[in-house]
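Naming follows writing order (A, B, C and D), and every chain is counted from residue 1.
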Amino acid sequence: MTKGNGRESDLLTLEDRRGLLRAMCLMRGVEERGLSLYKQGKIPGSFYDGHGMEAISVGATWALGAGDAVCSPLIRDLGAHLVRGTDLTDVFRHYMGRENALSHGREGNVHFGDRRLGVVGMVSMLPDMMVVATGIAMAFKMRSEERCALSFFGDGATSRGDWHEAMNWAALYRLPAVFVLENNQFAYSTPTSKQFAEDPIKRAAAYGMEGVSVDGNDVTAVFEATRAGREKALAGGGPTLIEARTLRMHGHGAHDDASYISAEMLEHWRRRDPIERLASRFADDEVAALEAEVKAAIDRAVEGALATPMPDPAGATASVYCSGVPEVLGEGAAPWSGFATPDALPAAA
Amino acid sequence: MTKGNGRESDLLTLEDRRGLLRAMCLMRGVEERGLSLYKQGKIPGSFYDGHGMEAISVGATWALGAGDAVCSPLIRDLGAHLVRGTDLTDVFRHYMGRENALSHGREGNVHFGDRRLGVVGMVSMLPDMMVVATGIAMAFKMRSEERCALSFFGDGATSRGDWHEAMNWAALYRLPAVFVLENNQFAYSTPTSKQFAEDPIKRAAAYGMEGVSVDGNDVTAVFEATRAGREKALAGGGPTLIEARTLRMHGHGAHDDASYISAEMLEHWRRRDPIERLASRFADDEVAALEAEVKAAIDRAVEGALATPMPDPAGATASVYCSGVPEVLGEGAAPWSGFATPDALPAAA
Amino acid sequence: MAVRTYLQAITDGLHEAMLEDERVFVMGEDVGAFGGAFKVTAGLQEEFGPERVRDTPIAEAGIIGAAVGAAIAGLRPVCEMQFSDFVACGFDQLVNVAGKMHYRLGLAVPMVLRLPSGGGFAGGPFHSQNPEAWFMHAPGLKVLAPSTPEDAKGLLAAAIADPNPVVFMEHKHLYRRIKGEVPDGSYETPFTARVARPGTDLTVIAYGAMVHAATAAADEVEGASIEVLDLRSLAPLDEEAILVSVGKTSKVLVVDEANRTCAAGAEVASLIADRGFELLDGPVRRLATPDVPIPFSPPLEEAVIPTSSRIAEACRELLDY
Amino acid sequence: MAVRTYLQAITDGLHEAMLEDERVFVMGEDVGAFGGAFKVTAGLQEEFGPERVRDTPIAEAGIIGAAVGAAIAGLRPVCEMQFSDFVACGFDQLVNVAGKMHYRLGLAVPMVLRLPSGGGFAGGPFHSQNPEAWFMHAPGLKVLAPSTPEDAKGLLAAAIADPNPVVFMEHKHLYRRIKGEVPDGSYETPFTARVARPGTDLTVIAYGAMVHAATAAADEVEGASIEVLDLRSLAPLDEEAILVSVGKTSKVLVVDEANRTCAAGAEVASLIADRGFELLDGPVRRLATPDVPIPFSPPLEEAVIPTSSRIAEACRELLDY
């Protein structure tokens, strides 16, 4: 049992917690840089971020094995891409619409996913990718592979029909899937009180799956819930719905000042900032060093991206169809120490 | 309190029970005649019936006030049309694709609904009409009218996204709607074990509405549950999900011998036939007289229908658009005695 | 008369319809307190309250289907899809429930579905689509696509008054970019085409944002008199106006911002090739976005959506035919 | 070679694909134990088990979206919509998720969606539709529409082998009515058009059930040599074959069973009016189902769906032009 920095956990080593902190800092740093590049007009279109929600995508993805699939990180989930090992320069190239390996400029925002790392990029239509994750999990199960699919979505997305079809389907077939509901209390300007009468976590049992709510600003809690869900999924126990409770700290997008969220509410949650909470367990100079390292990495990535040309317009109509052998989902980084020494781990709580 | 024929009930008079029995007999009689006309080639297309399920549409619709809307009776719910007062000759004309006031031959099966009687005809896509019912209930509520919308659907239809959107929407807005889930254990050939892991009635509470299961072969039970749901809806208490448990006694359609349903199962439910159950409380000669009257009415209707010409092909492309003032939903028959003397009634159980 | 943006004209149209007819109400995601993603409904909730300007859950089938129900029950819903792209999520309710109701059962469905559509601002594959052809291919729906503030307001009024389900394509890229004189008070614009720019040598047929690109192109081409026909209504399609213009010029270019195959322009071109064959002095040319998702990166997007210079080039080529 | 019905040929194609490639699996409503509403998958579950022939919940978005996921994960799903009409319920997953994936992210989606389509047997407004044009207007999808048993089997094999999402239109009214010689073993039919009946005076372009109506019409018209071109593939569209045939005959009639506006035939006609203009000796005529839901009652249905006699009449009129 490891104690000390970070919340106590049977499962996370000091190295893990350092990695989690770094991934969260990286996510925040990349998004802050993205926002300023957007304001400078270097990023076209619109810009969305997950400020204050870093613990969710980072914590959940940290629990995945290399062969698991993320389908998909949404607009608040940059951390999932980063944990899987997505190239930072390519992220900025993609943001800026430069030529890049993730989307060749055909997509924007975080509408990408590096298939080589087992990540499927999102579509905008919420929450369509949950259904796709269900299909991936079905394939894993049909081939008796020890893999699971992880899917993210917001409180607002739970109102759409596809959410229901995915939940029912996954529960019915006891598929190896973990669904992460990011309840950040708003869908654009719409509070959850105008989205549903009861918290959707209550629906889990009615479909025949487990449902668990965690503090979405506690990266350890998110990690542990996801790890338990994954273990259960791999053991044939079917899917889990995890609700991570948090608040969206920025506007819906860069254009939105979120004046409909009260200052008190924001202040309440600012005091629960997931990065500060974990960082407070580390020595100040260690945190400073990490932040400097992260900043340097971002600087390099931005520089590389700015040096990359825009895509060649001649390619605008290429690749609508696949003409060769389809590439399959590859393996992503699986940094959690527990994968290295599974026997050393105690059973999940 | 009325006792005697029929199950005991605080709410139903002897006249009510006679009416319920007649409506169920009429539904069965019309469908049996329809089936034989279909086999004789007089009804084009395909044919579906609700044999053994008469208590559901009849019992639920019996609980409606004249201004309530039925949106929609499905293929097992002929009884809803009959209780509302749909013209019997027009039903047969419609079945046969003859010129008729319900659909002018443009629709078939029970894909009709007499708008003059507050009934909206179904579309095939399951369960789309639940969403439409939600919109009707919303209009009733916005205008502060004391009306509710009743919607029917099967166990299989609960798997589709539109089911979810309607349930969430109705619960969120506390709409005056009553949803009747006809759990007849099969969707075409698919048993409920392949449709969901948990009975959908469990979902009601998770959306924030009441859910109640009743014996779908007991017309009184269906009536009482619907009446309670309607009272609640009109009092501003929001929607109710009623599950009526039954078995589909025939194949999915006339072409299906339902060999996938075991003889034991059919026999078990045949002993619970809803018509026999109610009829057994009446004197034999009274039942015989009623059956003769029903048969005569059907004979007359079939005769009238057979004497009606097919629609004029020249009108095949007419009326795609409405070019006048839209007709609104009218009022249907509301035969329940309770509407006449509301004060005389005890409070719902 | 006042100068209004295309967006303001739509807001005005909604406002007047709500004032005049208490059956009219508005619903959609974030249309209430926030005033809509594009602020088209800004101010309406303050004036008319949360019952008549309703924020809905994220449920496109729910929005469309509930509107059908409300319309059947005697109201006049005007719904917004946050972006036209999301209409795919409520597609079935629109084409199968709303569109077929009157033919099947004689029950009218007076509703308007507002679809902020189109590209040109790096919206990417899911915020730039022009789905109108899907609805032209769905019996029972009407489809409108105004290009000017005046028509936007007048067509919206006519759509709300119409007893049928109307798909109202409002082009996002025109919202704030296009201004014009708009008559005060309420008026209805007919569902017919309009000569946006008269000419005698060649007709460019377009609608929505492409009307402006076509007009700019016509101005650019020297030594020829080019007519621009603004369809305004895609269903019903003003066949006579199309044939009259082709009869005058004998040469025609049909422009679509939508993906080429089976687009509105395909229908227009096929109409001319059939009923207008004898009027023609050259091939019926089409210019459209090729069959690709709309890419995000500006040089790629600019390569696929028809521009005024590519329209001008196609005109010159056809004039030389 | 053996004589097989159109339906049997599809069953054979599925059977062979499943034998040859263990990644291929089948799913849909009632396709397993029951063998499908039309019995196309009859016997497959007995042979391949319930994992590879899966009965699903009634969830069209679920079926299509899960197929996308399974395809991404390396399998080769072949899904059935019970009737093509119900594809509207999963429309978004098909056009936005499946169709755009490869262009956006380089991730291929090798899946086949079987759509039993078409009218002619009193199926009414929701069991008779021909939705193919919607998918031609959705980039990234391929759309096939065989008219013969031989092509049904060969195109299905090619669809399953294709690394893209393929919409496979199988016409219900051909299922048991049309028989023909079908090669033994597996073979792939290319996504190109086929001259179903050679001729020199006029070309009728059709696909699916209308190929048979067109051929019957061609036989009926005396004193003229009529070519029938069976498109077979709607996306990609075999533009060269169309232009070659028009070049030969100079007169063309395009037939659709689908509703007229923005149908496949509109695209074909617009192609000819543009690139084939100089080949033409008369207008590009179209015959299609008018823009109405397909009515149930036989005399009404017969009045709207193109028949061989109306095709023959249109041919005669055009020949006289």
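Quick note on the criterion: a contact is a pair of C-beta atoms (placed from the backbone, for glycine too) under 8 Å apart; a residue touches a chain by one contact, two chains touch by 3 or more.
All values derive from a computational prediction rather than experimental measurement.
Chemist: Looking at CA centres, what chain is most distant from subunit D?
Modeler: A
Chemist: Counting only Cα atoms for the centres, state how far subunit A is from subunit D in Å.
Modeler: About 40 Å separates the centre of subunit A from that of subunit D.
Chemist: Please report how many Å separate the Cα centroid of subunit A from that of subunit B, as a whole number.
Modeler: Inter-chain centre distance comes to 46 Å.
Chemist: Centroid from C-alpha atoms only, then distance subunit B to subunit D, rounded to Å. What do you get?
Modeler: Their C-alpha centroids are separated by 37 Å.
Chemist: Do you know which subunit C residues sit against two or more other chains?
Modeler: In subunit C, the residues touching two or more other chains are 56-57, 59, 61-62, 85, 88-89, 92, 96, 100, 103-104, 125-126, 139-140, 291-293.
Chemist: Give the residues of subunit B that touch two or more other chains, as numbers and ranges in rising order.
Modeler: Subunit B, residues with two or more chain partners: 103, 106-107, 111, 123-125, 159-162, 165, 168-169, 172, 194-196, 320.
Chemist: Among line, ring, star, complete and other, which one matches the pattern of chain touches?
Modeler: Per interface graph, the chains form a complete graph.
Chemist: Contact residues on subunit A for subunit D in the complex?
Modeler: These residues of subunit A touch subunit D: 69, 71, 102-104, 106-107, 111-113, 115, 120-121, 123-125, 128-129, 131-140, 142, 149, 161-162, 165-166, 168-169, 172, 319-329.
Chemist: Taking the touch rule as given, give the residues of subunit B at its contact with subunit D in the complex, in rising order.
Modeler: Residue list for subunit B touching subunit D: 44-46, 97-98, 103, 105-109, 111, 123-126, 156-157, 159-162, 187-190, 194-196, 260, 310-317, 320.
Chemist: Give every residue of subunit C touching subunit A within the complex, in rising order.
Modeler: 29-30, 33-34, 37, 55-62, 83, 85-86, 88-89, 121-127, 290-293, 295-304
Chemist: Applying the document's contact rule, which stretches of subunit B touch subunit A when the two form their complex?
Modeler: 159-165, 168-169, 171-172, 174, 194-198, 200, 202-203, 205-209
Chemist: Would you pull the subunit C residues touching subunit B in the complex into a rising list?
Modeler: Checking each residue of subunit C against subunit B gives 25, 51-52, 56-57, 59, 61-62, 64-75, 77, 92-93, 96-97, 100, 102-110, 139-140, 142, 163-164.
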